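One chain, chain A, links the two complexes that follow: it is found with chain B in the first and with chain C in the second.
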Partner chain A sequence: MEVSSAKGVSPPHLRHDGRRAATFIAPALTIYLLIIMAPTVATVWISFTEWRGIGDSPEFVGLDNYRHLFRSDTFWGSFNRTLGILAVGGLLVFFFSFLFTMLLREMRAKKFLRAVLFFPNVVPPVALAIAWGVLLAPRNGLLNGFLEAIGLDFATRTWLAPDIIFRSVIAGLVWIYTGFFVTILMAGVDRIPKHFYEAADLEGASSRQKLFRVTLPLTWDVLSVAAVLWVITAIKTFEFIYAFGGSGTDPSIATWTLPVQVYAVALGNRSPIFALGQGSAIAVVMVVLVGFLVVLIRRIMHRRVVEF
Partner chain B sequence: MINKRDGRRPLWLIFVAALLTLALVAAGCGNDDDSDSGTASVPEATEAPTSDAMEEPMEPTEEPGDDMEEPMEPTEEPRDDMEPDEDNTLRYFSMWNEGEPQQEVLQGIIDSYEEDTGVDVDVLWAGREVLTSVRAALSAGDAVDLIGFEAEPLAGALVNTGETHPLGSLLDHEIPGEDVTVGEVIPESFLDIYAVDGEPHIIPYIVNSSGIHYDARRLAEFGLERPETWDEFIETALAAGDNAVQHDGLINFYNAYWLYWLILRHGGPGSFNAAAADPTGDLWRSDYIRAAVEDLVELVESGALADGYEGSNWPIAQQEWANGNGTFNINGTWLASETASYSSEGFEYRLLPFPTTEGGYESAEVYQIGWVVPEAADSPTAAQEFIAYALNSERLSGMVDVAKNLVPRSDIGVPPELQDAVDMLAASPAGHRPYDGVQGDYPEYWVEFMQLDDQLFFGQIGADEFIDEMAETTSNYWANQ
Partner chain C sequence: MESVLELGAAKRGARLASKGFGRLFVWVWVLFSLAMLAWLILAAFKRNNTVFRDLWALPDSNELQNFSDAWDLLNLAQTTLNSLLTVGGGTALTMAVAAPAAYALTRMRFRGASPMVSFFALGIGVPVHAIIIPLFVGLSEVNLTNSLWGLTLTYMGVSMPFAVFLMTGFFRSLPSELEEAAVVEGASPLRVFSVMLPLARPGMVASALIVAVGLWNEFLLALVLTYDEGKRTIGVGLLNTFGAMRYTSNWVGLFASVVIMLTPLIILYTWLSRRIIEGLTVGATK
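So, the complex of A and B:
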């Protein structure tokens, strides 16, 4: 096993030739700036304006949109729900992902089972959300019907009631995304040479010890990327939440997260507000949140790269 | 890669700086051209009356909507007549989805209009979030000539902000194929609700209302009489079997029906709007609000609402109601057509006007679906000509016969299922806007209200806490404006 610094050294042919490098970088950089950076900068600018975006002109209002947001219970509700998905959903997603990764690692039909787990990711989230609505309906819902059929009447609930609905949303998201992260983690686990596990077996290591002494250290870089992906996914998840709780209607405010609120405030909904400036301020909060958490995760999870 | 040591200019930095500058300039100045194109000052809808205005409950006969707006200054003179358009295409954004009966009726009208006039109608069946599509089109600089949607969101998103064309001149326009004008067949009372500066901005083609729907056969099975007062309603619901009041609680604005109606029964038309518009929030502590809130708490605590109503996702509750697993459902008058395909055999649709309260007020909701012509329309004349064409009694009758809706023309028939609604509208001493105009006038406040209303309706908070929270929310809302 060889350990090297994460910081690479530029090959000689790329040194001392900034102009040529700029020429190669320019096309990709141009596209990136136009498609990613320019809208982001524009969004920041709009967040300092009062603008409906429907034929009127933006009026600079400084930090008013942010002041307004931070005094709004609706915003803090959406913010806390977003953090709920991020933290609670994240713990559950990674717990189940590791569990399935460990279970699948030694199974013969692991490719098939991995595909089964991944399946929710290829179905449109809106369709999944509607299916979950049917599953969790209070009367005649499939889940309550199943619980009653097996004699667990006491376990039936109004799964979409205001005090439970967001837990149901998180359960749905965990179900969808676990397969995705199992696929990522397994890609990392699959490249670990078998002789590490054989050596661990010979030395009498338990499953737990193999997880913490072999699997985790050798997949740390994959895990770090997966954590960043989860942060981005959790904060921007929209369609599933939007359609959760029924089709053809606005999403219940009890399920609003930051992206749903951006949509409701800035762009649409049945009874639109068209506060593009305020919606942009929420979007900026999302970007800051993602940026902060990604930097935090990268710092916390920073390790020297292990090569094997 | 930049090698600073060789002293060469870092080209990519210049490139980045140039693009960022371009983005900022584009964001900041991209709409300067629009500054002279008809944007209006904030409408008077956002100017709240003082709490003193509500020391006495409102007169029921007061014009709904009058409290909402002192019309804005029009930025250009309204047209005296309809001038020919340069373009021969009419771009129409509609709230209906393809396959809905209303869409099919309108498609038939569009087809014959194109054939009769040679105008090409480019229609987008956008569904209920049609204004999202409108917004995208307008912000991209694409013209929209005609929008058909519910009047309240139209008022909140476009009319109140001065982004629609005044349609006063259309009233004198003769309806093709008939010897009458638009103004002669559409009642002034409907047009006045969303009038700005005396001119209508929304022309309705469907008129709905709301109330409590019931299956008369089921009520008879229980040997019960149709209730008239709130106390009778609670009593009847408790005697009408399990899950008597079916309700889809995941729709926030359905939940709001109960409290809005109760406030208007106790305080009169305009009283809910006045409470929302009170910058001090003190009107929420008025007697009529407290009486309404306590009535709602009585319903919640009575056990008449169906089990799990707080987590019922549309359209489950109304399906159960139509299948005979419930007696009452508060909803719009579209419920009959919406549930017709799955209602149980022998189901007898009836509509109960919202129960009256002792010493309270009577009024009926006037829920219009209509057309507006955006101020920035390319073909405003074609749009108005289409409106006049579609209001022809023969063409509009499809909305009654096929779509089972009420229409604003009294000389067109009524679907049998909606006779109660017609009687209710005719008998009512006054009309009011849906949700008393709060949804349309203060859409952002409406979101705050619905969250607290949900908590009250789901029994999570009591009357005192709700009133305190609403008073605080209202004063905070106005402090932030």
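So, the complex of A and C:
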């Protein structure tokens, strides 16, 4: 999310509008500070306390919540699953989005295909989770039913069994988010002037050369934004996993990720334990993870943007 | 010479084949999504006792009963109203304050504009989970939990970073001639802003759509911040219907609920998908 401030050429009468600008910005800033920033800071503070919520007074316990977390297998399970979405899901999402972006470029129904690919991103995650559940249901599921119908009985699986349910979750997320990243990457690729490819074709460049010499360097900034967006999306994605993992009930622990665990220990589930300090500590881990990875990506991908 | 040509032809053939295979794969993926949607819609018209027995059968009768069940399960009249109020209100308020902010951040020259845009963008990275606990406590202090007002205010807050970020992209892309002309004629900053606003309308519409769709589909905040039956939004209604399935096993009623929630989205999407998609990409590529 590089923000290039318009440089230089501002006419004198538009300069130094600080005070006027403040009145335009103040309402948005106030809401932002009140609803996002202040609670984030409060969450950090709550993570150093033990607190059962309203009616209880928070007791300062220092780093106890974190110590407890780092010794808990449940936490590391959630943590690793979150990293699994990030890495495995990310690899798949970017592989497919790249492939589709390159393929769609030359396909006639491009706009239609892109719209369908993107569609899951405007559908309520609960509805997606219901659909995914119906697809993968062990008995009478669409996928197993389909495999049997075409004679591939041996390929049927109990897709929701604890040992593979999380793979089913990742597959679902890849299905949902690929369309989103196709859209972003395509916008970057569409900006590349056609004559670059024509020139490459004239010189007899292969598809691979075109990918590495033209497409990648010229979409590098868009790629970097996409990578940042993926980190944020992957770490905070919650609703699909929550609804899918629980089929409408408490999600099975085999599908817990960091946000699901925050919800489970602090707020929700049928028998909430309202461990607000614990929950906040996990939320802080999430924020730190996002921050760390975003800075890392910006560092790695920071390279002179090719102007064209 | 001939063998080189042949080799080239073979290579080209292989390339064409792999491209054809790739295109086929895109179509399979797309048809898979469409088939799933079609199956859900058809299933919403089927009978509960046969829906999973004959997976691929067409509905044998117009089972509109499912939809009236769904209407009750979702408490649709109430939840739709609540969703419209909170999502509509939240979106309108977000736009009303995000637009001037984005305008000032991109079109007025002052020190700190650029870090300020980054500061707003920072909020995109904050997960709802990192704010929800203090938010619940804070809102209950001022009696705004279990209140549609409280939820609307929250929706406004969580949409703000992305809305500001998106709209700075739009405002930055506007030409400055009109603005300068207005300034030269001595228009006040507010007047200049109102001159620029119509130019930014496509961007505003796209941002509003993206914000509204996101809020319409949201259920975590609504679930935590409201708890009375009468305060539920449609997203929470669908989640509860899904949860109640454990006891009722009324699958077709659930499918009908999904179809009810999807219908406005499908209509909106067929009509405006280009705006949504292109609006979304401005922020990423500008």
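We adopt the following convention: the second predicted complex is superposed on the first by the 273 of 308 C-alpha atoms of A that agree within 3 Å, B and C clash if a C-alpha of one lies under 4 Å from a C-alpha of the other, contacts with A are read in each partner's own complex, and residues count from 1 in each chain.
Throughout what follows, a contact is a pair of C-beta atoms (placed from the backbone, for glycine too) under 8 Å apart; a residue touches a chain by one contact, two chains touch by 3 or more.
Remember, predicted model here, so these are calculated numbers, not experimental data.
Once the two complexes are overlaid on the shared chain, A:Asp56 sits against chain B while remaining clear of chain C. With both structures placed on the common chain, the touch criterion links A:Ala38 to chain B and to chain C.
Legend: residue contacts after superposition of the two complexes on their common chain; A:Thr74 is shown touching chain B, with no touch to chain C. When the shared chain is aligned, chain B comes close enough to touch A:Ala254, but chain C does not.
After overlaying the two complexes on the shared chain, residue contacts for A:Leu147 are found with neither chain B nor chain C.
Legend: residue contacts after superposition of the two complexes on their common chain; A:Ser207 is shown touching chain C, with no touch to chain B. Of the two partner chains, neither chain B nor chain C is touched by A:Ala171.
Of the two partner chains, both chain B and chain C are touched by A:Gly18. Set against each other, chain B and chain C differ in how many residues of chain A they touch, and the higher count belongs to C.
Of the two partner chains placed around the shared chain by superposition, chain B and chain C are both touched by A:Gly268. With the contact threshold set out at the top, residues 10, 14-18, 21, 25, 29, 34, 37-39, 42, 46, 53-54, 137, 139-140, 246-249, 267-268 of chain A are in contact with chain B in one structure and with chain C in the other. Looking at the complex, you find that chain B touches chain A at residues 1-3, 6, 8, 10-12, 15-16, 19-20, 22-24, 26-28, 31-32, 34-35, 37-39, 128-129, 131-132, 134-136, 138-139, 152-153, 156-158, 161, 163, 248, 250-253, 306-316, 320, 375-376, 439-440, 443-444, 446-448, 450-451, 454-455, 458, 460, 473, 476, 480. Those residues of chain A that touch chain C in the complex are listed here as 1, 3-6, 10-11, 13-18, 20-21, 24-25, 27-29, 31-32, 34-40, 42-43, 46, 53-54, 99-100, 103-104, 107, 111, 113-120, 122-127, 129-131, 134-135, 137, 139-140, 142, 145, 149, 175, 178, 183-184, 186-188, 191, 207, 222, 225-226, 229, 232, 235-236, 238-239, 243, 246-249, 258-259, 262-263, 266-268, 276, 279-280, 282-284, 286-287, 290-291, 294. Within the complex formed with chain B, the residues of chain A that make contact are 10, 14-19, 21-22, 25-26, 29-30, 33-34, 37-39, 41-42, 45-46, 52-58, 67-68, 71-74, 77, 133, 136-140, 158-165, 245-250, 252-254, 264-265, 267-275. By the touch criterion given at the top, residues 15, 19, 22-23, 25-27, 29-30, 33-34, 36-37, 39-40, 43, 52-53, 55-56, 97-98, 100-101, 103-114, 116-118, 120-121, 123-138, 140, 153-154, 156-158, 160-161, 164-165, 168, 172, 179-180, 183-184, 189, 193, 213, 216-220, 223-224, 235, 238-239, 241-246, 254-255, 258, 261-262, 265, 269, 273-274, 276-278, 280-281, 284-285 of chain C touch chain A in their complex.
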